[in-house]
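Here's the structure, in structure tokens; my notes come after.
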Amino acid sequence: MKVLMPSIDYMAIMPQTLLGVAGLVILLLGLFVPRRRQDLLAVLSIIFLNISVLFLFTGKGLLGSVTLNQMVTWDGFSILFTLLFVVSSAFTVALSIPFVNRENVHPGEYYSLLIFATLGMVLMATTTDLLILFLGLELMSIALYILASITRNNDKAAEAGMKYLIMGAFSSAFLLYGIAFMYGATGSTNLVEIASYMNISPMGAYEWMLPAGLGLVLIGFGFKVGLVPFHMWIPDVYEGAPTVVTTFMSIGPKAAGFAALARFLLLGPFIPNHEVGNIPWPILLAGLAGLTMTIGNLIAIAQTNIKRMLAYSSIAHAGYVMVGLVTASPKSVSAIYFYMVAYFLMNMGAFAIVYALQGENGRGLALKRFMGLAYKKPGLALVFSVFLLSLTGFPLTAGFMGKFNLFREAVDAGLIGLVIVAVLNSVVSAYYYLRVVVFMYMHDPDESVTVPEIPSMVGFVVALCLVGVLYFGILPGGILKVINLLMGN
Amino acid sequence: MEKFVWLIPAFPLIGVLINLFFGRWTGKKAHWIACLAVLGSFIVSLMVFSRVMQGETLNYDYFNWIWVGSFHANAGVLIDPLSALMLIVVTGVSFLIHVYSIGYMHDDPGYPRFFLYLNLFVFSMVSLVLANNFLLLYVFWEAVGLCSYLLIGFWFQKKSASDAGKKAFIVNRIGDFGFGLGIMMIFVVFGSIQFTEVFGMASGASVACLTAITLLLLLGAMGKSAQIPLYVWLPDAMEGPTPVSALIHAATMVTAGVYMIARCHVLFNLAPLTQNVIIWMGMLTAFFAATIALVQKDIKRVLAYSTISQLGYMFVGVGLGAYTAGIFHLATHAFFKALLFLGAGSVMHAMANETDMWKMGGLSKIMKYTSWTFLIACLAIAGIPPFAGFFSKEEILGAAWSAHRYEIYALGILTALMTAFYMFRVYFLTFKGTPRYNVHSHHAHESPWVMTFPLMVLAVFSVIAGWVGIGTHGGSWIHQFLNPVFTLPGSEHMAEAGHSGSEQLLLMGIAIAAALAGIGLAWQIYLKDIKQSDRMAAQFSGLHKVLTNKYYVDEFYDAVFVTPIKNISIALWRGFDAVVIDGTVNGIGWFVSIIGQLLRYFQSGYVRTYTTMFVIGVIAVLGFYLTR
Amino acid sequence: MPNSLGNFPILSVLTFLPALGALAFLAVPRNRESFFRQGAFAVSLLNFLISLLLLKGFIPSSAEMQFVEWRQWIPGLGASYHLGLDGITLFLVLLTTLISMIAILSSFSAINKKVKEYYISLLFLETGMIGVFLSLDMLLFYFFWEAMLIPMYFLIGIWGHERRIYAAVKFILYTMAGSAFMLVGILVMYFYHYHLTGAFSFDLLSWNTMELPFKLQFWLFLAFFVAFAIKVPLFPFHTWLPDAHVEAPTAGSVILAGVLLKMGTYGLLRFCIPLFPVATLQLLPYVCTLALIGIIYGGLVAMVQPDMKKLVAYSSVAHLGYVVLGLFVLNPQGMVGGLLQMVNHGLSTGALFLMVGMLYERRHTRLIEDFGGIAKVMPAYFAFFLIVTLSSIGLPMLNGFVGEFNIILGAFSYSVLYGVIANFGIIIAAVYMLWMFQRVMFGEVTREENKILKDLNLREYLVLIPLVILMFWIGIYPKPFISRMEPSINKIISRCQAGTTVDCQIPSGISMELNK
Amino acid sequence: MVPLSWYLSLSAILFFLGVVGMMTRRNTIIMLMCIELMMNAANLTFVALSHYLHSMNGQMFVFFIVAIAAAEVSVGLAIIINLYRLKASVDPDDMNRLQG
């Protein structure tokens, strides 16, 4: 560990600082850049995001630096998640260009909100302090509330934003209350210290505080990632929000929620001794995981709107990821991360295609509109099928490798029952994912439906996702090695 | 000898291939290939026979066929007096019938196909006879069954023909079910399926084992040789062209069961229970088939039941341990029964395929050759000396007598009486009396020489073939020829020798008397006063009805096996498969989607529902602590 | 790794050549339909010819894996790219290349819409199928196993008949449900291997040397068994099959019957039995009972089907029952018979589906009652159909007999009762096949539209002749087949005998779950 | 001196009131106020604990919470106003176009 200055390592907070500055700059520039040049803002955003990625790799790198009274910690975990957030945001920005043009959204606001949300996520992943964690979470959430309802004249979007806000704030209160209890139990808001207090509780009379705090914190983050029964907001918000925002929401914030939960795992409040405060966490988490994936998949079957279906599918996927949390080993954090990368690629790809096809007023979201797509846009249908298969968890795709890694850890931990529930859920999910394939390939084209042209930026993003999905699906060796190295396995 | 034995099956096989691939070109000349091929086989068989006469035998494997683990089945031949004799009979009769078919099938559109099938049959049959192990025997056993299937259903446009073919195949499969199991049991018990090896070890096996094996083998023989209870296919098999009936369903294939039992006599000798079963089965078959034959109107049906009946005799013979007698009867029967069928075919040819005897009569004036040869055959089957059937039948009955199975003997004599009766009934109704058909519309005519020539040859053999059995105490030529086969281990059970000369003469007398009585009765009823038959039918109307309907056995099988199995199958399909199994499978899917639909209602769209669910979740999670 | 063909990676080529062809097709405009037909045929023909090289290089007396290829694949997981071929897979691979080629050839006139997608699916399917047979790494195996479902799903769902979507979805979900358990089983095996040896590995060859405690074997056996039993399909997991067969296009049915079903039995033979020998011995009576029920039940239900394809589909249930029975009696006769019967069933049932398809192409119906007297109208068709039917009912001198007889012999040697029950199947087979044959072929031509049916054309001859030649070959001189299969089968048998005595400690992680 | 448990009880009551309000009230503005109530319950807990633990962390936390709550409410009000513009209602029960 090399600390350059006694209190603050400015290099170590450079990425965050840069993102914050970028948000502000874009917001200001948005006031001056003329409408017809608004793409500049997107390009600028992407450049900013990329620079912040570059910072992750500068010099000796950030690995190992801790600063600001342990409020910023750069370990392999935070680097990896930051990378995921920033890259997914960059992809979203690229996807957003046609949306911003079409919907007449104020570009400065829009892009800066995206960047602030990204900053929030980065803060969540790079800290071990509950305060910063909370701040990051709120920064991200508030930005997302606005993004969800950014198309001001769309009542669905407004409704989505409102529901998101009310539910989000509601859950934040629970999270806060939980943090308060944890603070009360341990006298600290820093997870490292909390972990070290685990064995000697200073509040003898209030020893219920720690487990209660942990439980409420779990609920708080569980809300963000969409664990059943805290998932109710997801379908409505995902459906109502503009598709590109949904794309963004389904990836980064979810990953951030899992990053926060995984941070608990890595640092200790849930592990190493599995039964903090005599609570068998694994059973609770396993129950939540099983419930989440099952409910998500079951309701997804009944959907006819593809966006809503993908929303439920994202709930189910949260359930799969939870399997990694149950196993609670450093290796399973690697598996979670790999899954999030895979999920980022396939979900981004799938949503991007839905986004490109949705047409005016979201009418293109009905499953029926995909009838015979394979014979109108063969390439697009093929690629969409690949993403859907990946979401199902078919081999040769990143989705399979992701699930495989998760289940592998779970089996190692002896959670065979949970794994069986999970694989059976995959089968159930195959039904609704493949139903889209059925509509695309096995029905004759509906000639009354015109398929919009695919913007080149969307095509580019989709192509990148496709390459990623296949590459990580077939040859995941390289990335697994990097992840394990950085996660310290 | 192995250098040329393989030619016997090879010739007809080549015939098959030529007519198969070049049938379009051979067309109406298909018979040249087919007949020459069988003639070739016959000549080679004669060569083999002459070698065997000199005491030569052969047991030679051409190649390894199925070798798995310790199970070794080869493609090999076994030549001994038994197979040599069979070869002569099979190829000889086959050749004649091939020739006959040239004329009989002349106008049939499926001419090359017919000869193809015939050749295929000859190939299979000679291979069956040549086989040197059980599996190979089984292979050609099934192959002849296939040929039988194809030939019965040769006129496949007729539903009755294709039904009959299918019935034949399936009933035979039931027999083969046992045969196959028998072979497997032989392998399990002896570790080999080579005839020589198995027979060499036979005495080491327990009686129970051997009884089981032989009973299973017998099931196969029952199917193939049309014995009770599996005889039902043979009468229906008459749907095939008449030469086919002559060749396959009278002369050769159906005797395969007898041949097989004779071949395995070592095993059967060691299983007295099985032998007893064979005797009774054979005798009852002979008897009941004869009773049915008494009243049939269809000339071919009578002959079919007569075949079943005669096969019953053969089974009685082999069951008694008188294998030579059985085989002897097999050989003589081949000649005269082929002759009978061909004669019947000749009549049908003349009568535009009419088979109802009540629409014939007085044909002897028009069809001299046919009529005379038919008479010879009738005499032969009735058992009038010096015709062939007398000697062979006499051997079997004599064996029953000397084995002190008097009940069998009595039934045998009774059956012989009936045999003579119904055969001469056929003869009188067909050839004698006054024509009962429209003489002007039917242009009855004698058949061409390609048809009558085989009749004459067969007639000659129907006379002289029996003479090889002249002699006492097993001293006849046939006994001496076959002795090397049947006096291998276990010959002490042989029951053939043992009655004195005077006794023999007495027995002969009884047999001849029975035959003559039968003939006389037939003359009385069907020639002298043909109205009498109707009166008798009316008098015994119940019995007559039962007999005409063949004891309702087909109906019984239909009601007890065919219909229930079909109904069960439909129930399994529509009830069990579609409802229970598939219902479960689809039910799971349905259940899952219904649950999904129900769960949607929780997603009401109201924020308060969401907060409520959230709080319930909180309570659940926190409650999880409290209960811990 | 050098093999008898030098360093030529023949197995990889075999596996991926069709897929490469399919990828190349993606770039060709979709209106060039004849290009796709001929191109796909050329690719599959080439692949078939390459697969014939295997025969040349194969060492018949060896039970070991041959032409082995090994590369690192995912080192972090211990997965490798490991291909190999032994006596068990040799003929299955050859069958696959042959059937694929024939399936492609048979679809030239049957498929007129979405031609490009069709041939691409078929070629990908071929890659998947060959990959399944050749993989020696369980992860790789699972990849191919699952990946292969997709093209089949498309084949049924796009080019099928009226209820195609139902059938396709049923097919894929049913199969996936089974595979799900297998995946869990694979993972458990994987960790068990790790606990035993300290190395992560999916390598089948090293898994094969593991001795597992009985309880673990039991559960793992079931996990694998369900996957394979559904694929076979063994009674009572068979109901997807009639639907899939009836709805699939001809080539789909041919491949389904010819190759796909064999994957289930192959899996049983390759994985279930040698990996879990003790469990196999313990569960053998139950498996055999299911197989026997399948034989009788499949036959009876087949008997009353009004639809030819459905009839053949149920007959497949019965035939595959024989295969499973043979494999599980664990003696050379039964197992060799079972393996041979896999090939046989591929040939004869494949041919049956082809022939039903030919009729369908002419008449657009598969109902038996719509035919009658076809023998007169189409004599060549009649001849081929006769041979194929007879092969299917196991008539001697044709392929079916050799397999079935050995199976029943093996079963009989194991237990008289099994042999007797199995033997009933051959009677039933004769009943349903000949009845169908009679109703289709014989009788008068009662329908006008049947009177003008054209007999086989040259392409159809080309499709059928190789199959018929093979039927006779296997029936008359099966030695080249059996002698190559036997060493590998014997190896499995000796593995079963050796693996019965060992008992090991269950590692803590897994035991936790198992002891619940 | 007031014992800690009193503070904790009070905050728990406040929090509970907020929760019940969220579940029962039919006005979006009031729901926002309920959330505010819940957050303030948390604030109270923080402050009380901070005092009893002799640690400033808790009080520092409260400042952030107050700021964030304000931000949240302002965003919330903006969304509600927009929604009112579109639907002429702030009743959350009117907002159920998204369901199922």
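Order of writing sets the labels: A, B, C and D. Residues in every chain begin at 1.
What we mean here is this: contacts are C-beta pairs under 8 Å (C-beta built on N, C-alpha and C of every residue); 3 or more make two chains touch, one makes a residue touch a chain.
This is a predicted model, so every value here is computed, not measured.
C-beta contact counts were set side by side for A-C and A-D; A-D has more.
Work out the mean CA point of chain A and of chain C, and you get 43 Å between them. The centroid of the Cα atoms in chain A and the matching centroid in chain D are 25 Å apart.
One simple way to say how far apart two chains are is to compare their mean CA positions; for chain B and chain D this gives 97 Å. Our note on geometry: chain A versus chain B, Cα centroid distance of 79 Å, whole angstroms. Looking at chain B, one finds that residues 589, 600, 603, 605, 607, 611 touch two or more other chains. Residues of chain D in contact with at least two other chains: 22, 31, 92, 95, 97-100. With touch defined as above, residues shared between interfaces to two or more other chains in chain A number as follows: 163, 166, 170, 174, 235-236, 302, 431. Every pair of chains meeting the touch criterion is listed here: A-B, A-C, A-D, B-C, B-D. Touching chain C in their complex are the following residues of chain A: 374-375, 378, 389, 394-396, 400, 404-405, 407-408, 411-417, 419-420, 423-424, 426-427, 430-431, 434-435, 437-438, 441-442, 475-477, 480-481, 484. Interface residues of chain D facing chain B in the complex, by the touch rule stated above, are 19, 22-24, 26, 31, 92-93, 95-100. Considering their complex, residues 600, 603-608, 611-612, 615 of chain B touch chain D.
Residues 4, 8, 15, 18, 22, 28, 31-32, 35, 38-39, 41-42, 45-46, 49-50, 53, 55, 57-58, 60-61, 64-65, 68, 71-72, 75-76, 78-80, 82-83, 86-87, 92, 95, 97-100 of chain D are the ones that touch chain A when the two sit in their complex. Listing the residues of chain A that touch chain D in their complex gives 131, 134-135, 138, 142, 145-146, 149, 152-153, 155-156, 158-163, 165-166, 169-170, 172-174, 176-177, 179-181, 183-184, 187-189, 202, 206, 235-237, 239-240, 302-303, 308.
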